[in-house]
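Pasting the structures in now, so scroll down.
Below, chain A partners chain B and then partners chain C, in two separate complexes.
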Partner chain A sequence: MPSLESEIEGIIETFTNNLKQRKFKGSRDLALNSVQLWKKIIGQMKWQNARELMDTIKKIGKDLAETAPSETVIGNMTRRMLKIVRDEYAMLQKGKQEESDLQDSLQKILTADESDSDYTKNIPLLKPAIMEHIGEFLAELESSEIDISAQALEHIHANEIIMTIGYSKTVSAFLKSAAKNRVFQVIVAECAPFFHGHQLAADLAEARISTTLIPDSAIFAMMARVNKVIIGTHSVMANGGLKAVCGTHTLALAAKHYSVPFVVCAPMFKLCPEYVCSLDQDGFNQFVSPEEVLNNDEGKLVSKVNVYNPIFDYVPPELVTLFISNTGGNAPSYIYRLLSELYHPLDVQL
Partner chain B sequence: MSSNKTSKSMSKSGSEVLKQEDVVLAVLIADSFSIRFAPVTDSKPKALLPLVNRPMIDYALESLLLSGVQKTFVYCVAHADQIRQYLKESKWMRSVSPMSIEVISQSPDDCRSLGDSLRDIDGKSLIRGDFILMSADVISNVQLIPILEEHREKRKTDKGIVMTHIFKKSFPGHRSRSAEEELVLAINPTNGRILNYQQTTNLKKLSFPLEMFKEHGLVDLRYDLVDTHISICSPVVLPLFSDNFDYQTWGDFVRGILINEEILNNTIYYHQLEGSYAAHVSNVPMYDAVSKDVIQRWAFPLVPDLNRSETTPRHTLSRHNVYKQPGVTLAKESVLERDVAVGENSKIGERTFVTQSVIGSRCTIGNDVYINNAYIWDDVNIKNNCHIEVALIADGVVLNEGVKIGRGCVIGPGVVLAAGTKIPDNTRLMAHPPKCDNDFETSDEEDDKVAKPFSADSVAYVYQRPVEEDSDAESLIDELWGLDIDEDSESEEDEDEDEADNDEDEEHEEEVDVGDLPEDMNARSFYNEVLESLQRGYEEKIKGDNLVLEINSSKYAYNVTMKEVNMLVIKAMLSLPSVMTKKAATGTNEDWVALRPILQHFLPVMRNYLKNNQSMLDSLEALEEFGVHNSHFVKSICKVLHFLYGEDVLSEDAILEWYTNPPNDPSALKTIRKTVEPFITWLEEAEEESSEESD
Partner chain C sequence: MENTRNVLDFFQKIVKEEPDVSAAVAAIRTLMNILENFGDGETLRGLSEELRKATEEMKKAECSITSVQSGCELFQRFITLTSLEQSNFKDCKEIMKKRGEIFLRKLQEARPKIARLGAPFILDGHKILTHSKSRVVLQTLVEAAVVSKKRFHVFITESHPDLSGVAMRDELLKHNIGSTLILDSAMGYVMESVDLVLVGAEGVVESGGIINKIGTYTMALCAKEMHKPFYVLAESFKFVRLYPLNQRDLPQELKFSSTIIESNHSNLLDQHPQVDYTPPGYLTLLFTDLGILTPSAVSDELIKLYL
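Up next is the complex of A and B:
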């Protein structure tokens, strides 16, 4: 990374170090922190024009994404930053022209390349405009959880039985918010081998929601009596498929079998413009230490068996009924549209 | 230098503003003080050897960084300049790094062990607080800060805590149990104190002091633990090493602390890892085991697909744990079966089969090659039809067509093997002829021996391990790598050499029978050490005080009682003439002629030890025992007694008391007591005279 001031390098180093030490709790925390990081970088960096700024953002963003290849949120936030720069530049360049029109028609999307200016003009007002926009975006991120849980009453009705899996902060807030007005039951699949479901069950029970904890193997058996499945996800892929905690695919298939609605709480920052072309795709899944599956002290066994411990499952979009984002409910088939609003097509490939 | 920056960014990030004394310190010893990896470590320090395409020191530093350590002292000895250079160019020394690093180097002549390095660090007085002590060849994902907190917490209840040592549970048969580091630990399960520590390699019997069981209501004896070579140390550890210059290894330290527990009230605690990974790459088989653990992701997040730096891109991971860096070329029908890592820009030829192996950067591997369980480092060129199974192949090796490498081989850097060469199992090869300065064999002989197994076009010489005291155990462990039990000609040769050596040693010992040497190994080694010190002391005319110091340190090292010290020192002195001239006592006057100057020289030593009546009795007992076993000595015993009496080493009372007590060995009555009778009567008369005079 040439010509980066050491101050900025220090900020990035601290961020990557926190990332490696797993200091960020959940993906919203990660999203918030990376946007704050970008705010600092853009604020402190010396740049002449938008082109230069975008090149640097791309370069740093690529590097950050390499540090934690499975954390799509980092890439998403980088793309959002680029989009903000583009929007503000266009805005100041063309006056008060509404930039979002540009992508409305297919023709305009196709010709976007030509109409795309080269971003080399030096606009002194650009920096404050970008900073303001980032500030708004931060506020949106911070309120995303509340915005989602505000919709809870529209989806959870009295005396329903809801099933969920593992631990998701969004789902926990969503259910608790509904519990303020409605009485319902929750069944939590424990999500072996990490057993994050235990934590959610404890949380919900504390909030006086009638909660049942079940092993993952009982998902299908319990599905018959369930009214709705509500889960969180790690990210939403470009086709509306999910990258979610291991075991979610099982849950989705069982829900499909019993025609139970499969609802996914996913704030907008989890939308990722990447496709899944193969389950072996680099950086899609993350394999952690097999320690949870097999104790490393098991003598001779360790050298005789191969143990894998993947974190994520891929759930194809046809198994998902509805996404609840902070802006409202959407069908999986509509994700492509949301994506084109969120990110600029040229930034999909960082 | 960079600490300012760190604290600045820390305070900026908000929540935790750290006080200066709370800085978490670590000491990383970047030398293992062993030659387990020779000849590879002849030109490269062990800390920089690649483990799954990454230098080992990187893993150690990364794990310290991930633990939240803020300052690390890297202490390097062998090839210190290389380590310094490497760190300088790496990301670790950048000013923005959250962990600051200071490199301390010392020449290998001044520092030969862990003990020496800690003494050196103490001398530099760099550390005032608790610190983490770790070896640079440790791969771990342990979160050390909670253990450090635990250590500090324990200090509240136990002021004498000097160390919390970290162990990992692994049942026997586990691949990451190093055969040379088998240990048994006695601990108090209620508070985690270590009560006894014994290394059990090649031991069939263990003994524990009875007091241990009496003192502590509950004692756990643990055989399922593996030493991780990570410890949390109180600052007092450093001066403890300085005060006891016989502490060389961690084991010495622990034994020393446990022996002096009552006096100094120092205690050592243990910590057993739960759910995290740590292993020490102590030798080649352990290198194999730890590489597999890293590839199979036990050491997560220290895995190849998350590790990267500016210079080396990360590996991508595909199923069955196959890792590839960018630029890898796989020809058609080549197979990477499972647990394989391939470095940057390496090429793998057609129909080549690779499984459970690591291939470094820029390697070229030909067609129809079979690679199983091999560790191939950078820039290696392997031509068609080679067969490699269970081997370590260092940088820049060239294997021409059809080379077959036997199991357990280590091929040193730069070796070139001609087409069709077959290397027998367990061979270690290097590219330059062995240095013969310390060997008595001439270089011609070496060359003959070396050139034989390989054709003339090869650049390869057999590496022979210098014979060490513990070479038996060592060679056994190395042979275990990838082999069941397989004897080959070379190891037999080795054994022969060893036997020859042993024979010589035994001869030495048989020449002088010093009498009842205790069965106890400690006392025996103590005796040998004292004998050595005395011999050197006499030959080099070393001052008595220094000798006393030396003997005392041996005393603590081997934990012998004061009585034994008195007896053994006397015995050693008496046997010195025959040890030095290598012939037994003749029974003539010459014996005394030879012995007298020696005793004369060692008078200060004797005066130091024989201060009270009891010690004098001990020495007389020793004298007697020596006489019983060396019949020729009896003739001189009277003269020795007279001399020692004359020099005021032995008091009259002691001699008389000894004489009146019945001897331990009845045969002494006839011989020794008889010979000394005239001396005793003379003594008694002299006493009477003097008492009369005084009256």
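Up next is the complex of A and C:
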């Protein structure tokens, strides 16, 4: 393996510092930045063949993921890079598009003659091909929000009442896009203790959408009159479950109770091939300072009670009606298929 | 006639002498044996006929008929797919032999692969409920306990009428995994205290549901009611081309052993079925050597293979 030149180490360090200081605004920003980082690394690094490149990507990717374990996007982007390398290698070597379906299948078990490529051939054209592919991927990332909001009119109809929770850029863009042609109302749950819902409510009101802000405790009471729930999410797990802002499970259960469709806007880069569920809170959740829940000023109380402030909620797939990604709408049971197209099965475990 | 007797003996010998081998793999090995001893001068049609007869013969054995059926179907498909590529029977047979070896080796890799996929789902302090005896469930539990060093407790139903749960408990004891044997009727009683349910399967049908030892459906119903995850561990050679709509719709030959069917032609109502069908809606995930699948992914796999 080639030693990483100091320049590359420098860029990685800047990235991890930004990551630690939470300088990235939202997961799309993070995805874009990490792909740009990969583009620089792959472009500047010296590598002989695809195998070597993939080993290095895996190694760096693992370090990056460990810097921020709860940011699944970083791992996803690393896997996407590996997939791009694999695809381009296969295409250049065999001179044809590798079958889109790389997952093991029954068919493959039956018809395989052993011929697994080991990615060690030196192909001079590989680098420009990979760079071009990454460029296309960046363009796809950049337009993902627009692609999702372009579908808004299919889902939001005139005079509907939509409920959402917290703040999501994707949802904000989605609702605003629908508001250009339709009149509807939005109810925003404020999402305590961070109150990101306030920001969304202000955003929507500015776009002249009739908006109502409610406390989280009123979610169930208000659900009876809601036509549709539309939310964003932090990531989509491999079984179709969500890792979303704390309070989303409450919202999903209330929607289920009243049989209200529960729609999730999630661009493709949020699809994560890992199966983590609420059984494993340690691996899944992130707990932050309880200051927002119980202020340090209340010194007497603080010493007497335990305060937890988890960021995420796990929402099981059976509560989700539909995912809207930049490529269209999908049912939760179909997520496995999208995942097999996005990532190579060997890369799932970084 | 002499020949068909041999088939059954060969098959039963594997099942009896190698308890670690699944009935489906034993069936495939039997068919491979027929393929190897088949004359070069014969035709593909003759081979197919021979394999069909052998399949019928093996279904008379006392073992999981569903697994035998899935294994044989897969092998037939393997023959068809290979024969499409070659017109000369002799060449074709050579390729089949070569691929057959790879194919069998892959089947043997299936169980450890599933164990690796499934073990991370078992966490420290978990209470796990399982039903009857399944080799792949056993291997997954052992992987979690021995390799991943997890501490957990297993509840096993006795699983009448063959008390296979008792055999499962003995196996777990050998590996020092804490276990409790419970009555079949105590399923509902323990359900509130378990974290997840782990079962094997004799066959996975096209809908994504499973056919397994009688009582599995009851367990799945209880688990659903109590909102416990219900995980199925099954190798992909157990995928079978059936689409049962309910219990009555399951073929008789899968539900009853061949001796029972022969001796009670008219009145099977008095007999106990050996398997039941669990619809896909009750399964959380299926762990297979093709990866972790949702029930709907199973039909995708079967369609890809047989279309």
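The definition used in the following text is that the second predicted complex is superposed on the first by the 324 of 350 C-alpha atoms of A that agree within 3 Å, B and C clash if a C-alpha of one lies under 4 Å from a C-alpha of the other, contacts with A are read in each partner's own complex, and residues count from 1 in each chain.
By our rule, a contact is a pair of C-beta atoms (placed from the backbone, for glycine too) under 8 Å apart; a residue touches a chain by one contact, two chains touch by 3 or more.
None of the values given here were measured: they were computed from a predicted structure.
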Partner chain(s) touched by A:333 [first = chain B, second = chain C, both, neither]: second
Which of chain B and chain C A:161 touches, first, second, both or neither: neither
Partner chain in contact with A:275 - chain B first, chain C second, else both or neither: second
Partner chain(s) touched by A:238 [first = chain B, second = chain C, both, neither]: second
Which superposed partner A:345 touches (first chain B, second chain C, both, neither): second
Which partner, chain B or chain C, touches more chain A residues: B
Which of chain B and chain C A:218 touches, first, second, both or neither: neither
Which of chain B and chain C A:207 touches, first, second, both or neither: neither
Touching both chain B and chain C, residues of chain A: 280
Residue ranges of chain C touching chain A (in the complex, touch as defined): 74, 77-78, 81-82, 98-99, 102-103, 106-107, 121, 123, 195-196, 229, 236, 239, 284-285, 289-297, 300-302, 304-305
Touch list for chain A against partner chain C, complex: 101, 103-107, 109-114, 238-240, 275, 277, 279-280, 333-337, 340, 345
Chain B residues within the chain A interface of the complex: 5, 8-10, 13, 65-66, 68, 94-98, 141, 168-175, 224, 275-277, 289, 292-293, 296-301, 303, 305-306, 308, 314, 316-321, 338-339
Footprint of chain B on chain A - complex, ascending: 6, 9-14, 17-18, 20-21, 66-69, 280, 282-283, 287-292, 296-300, 302-303, 306-307, 309
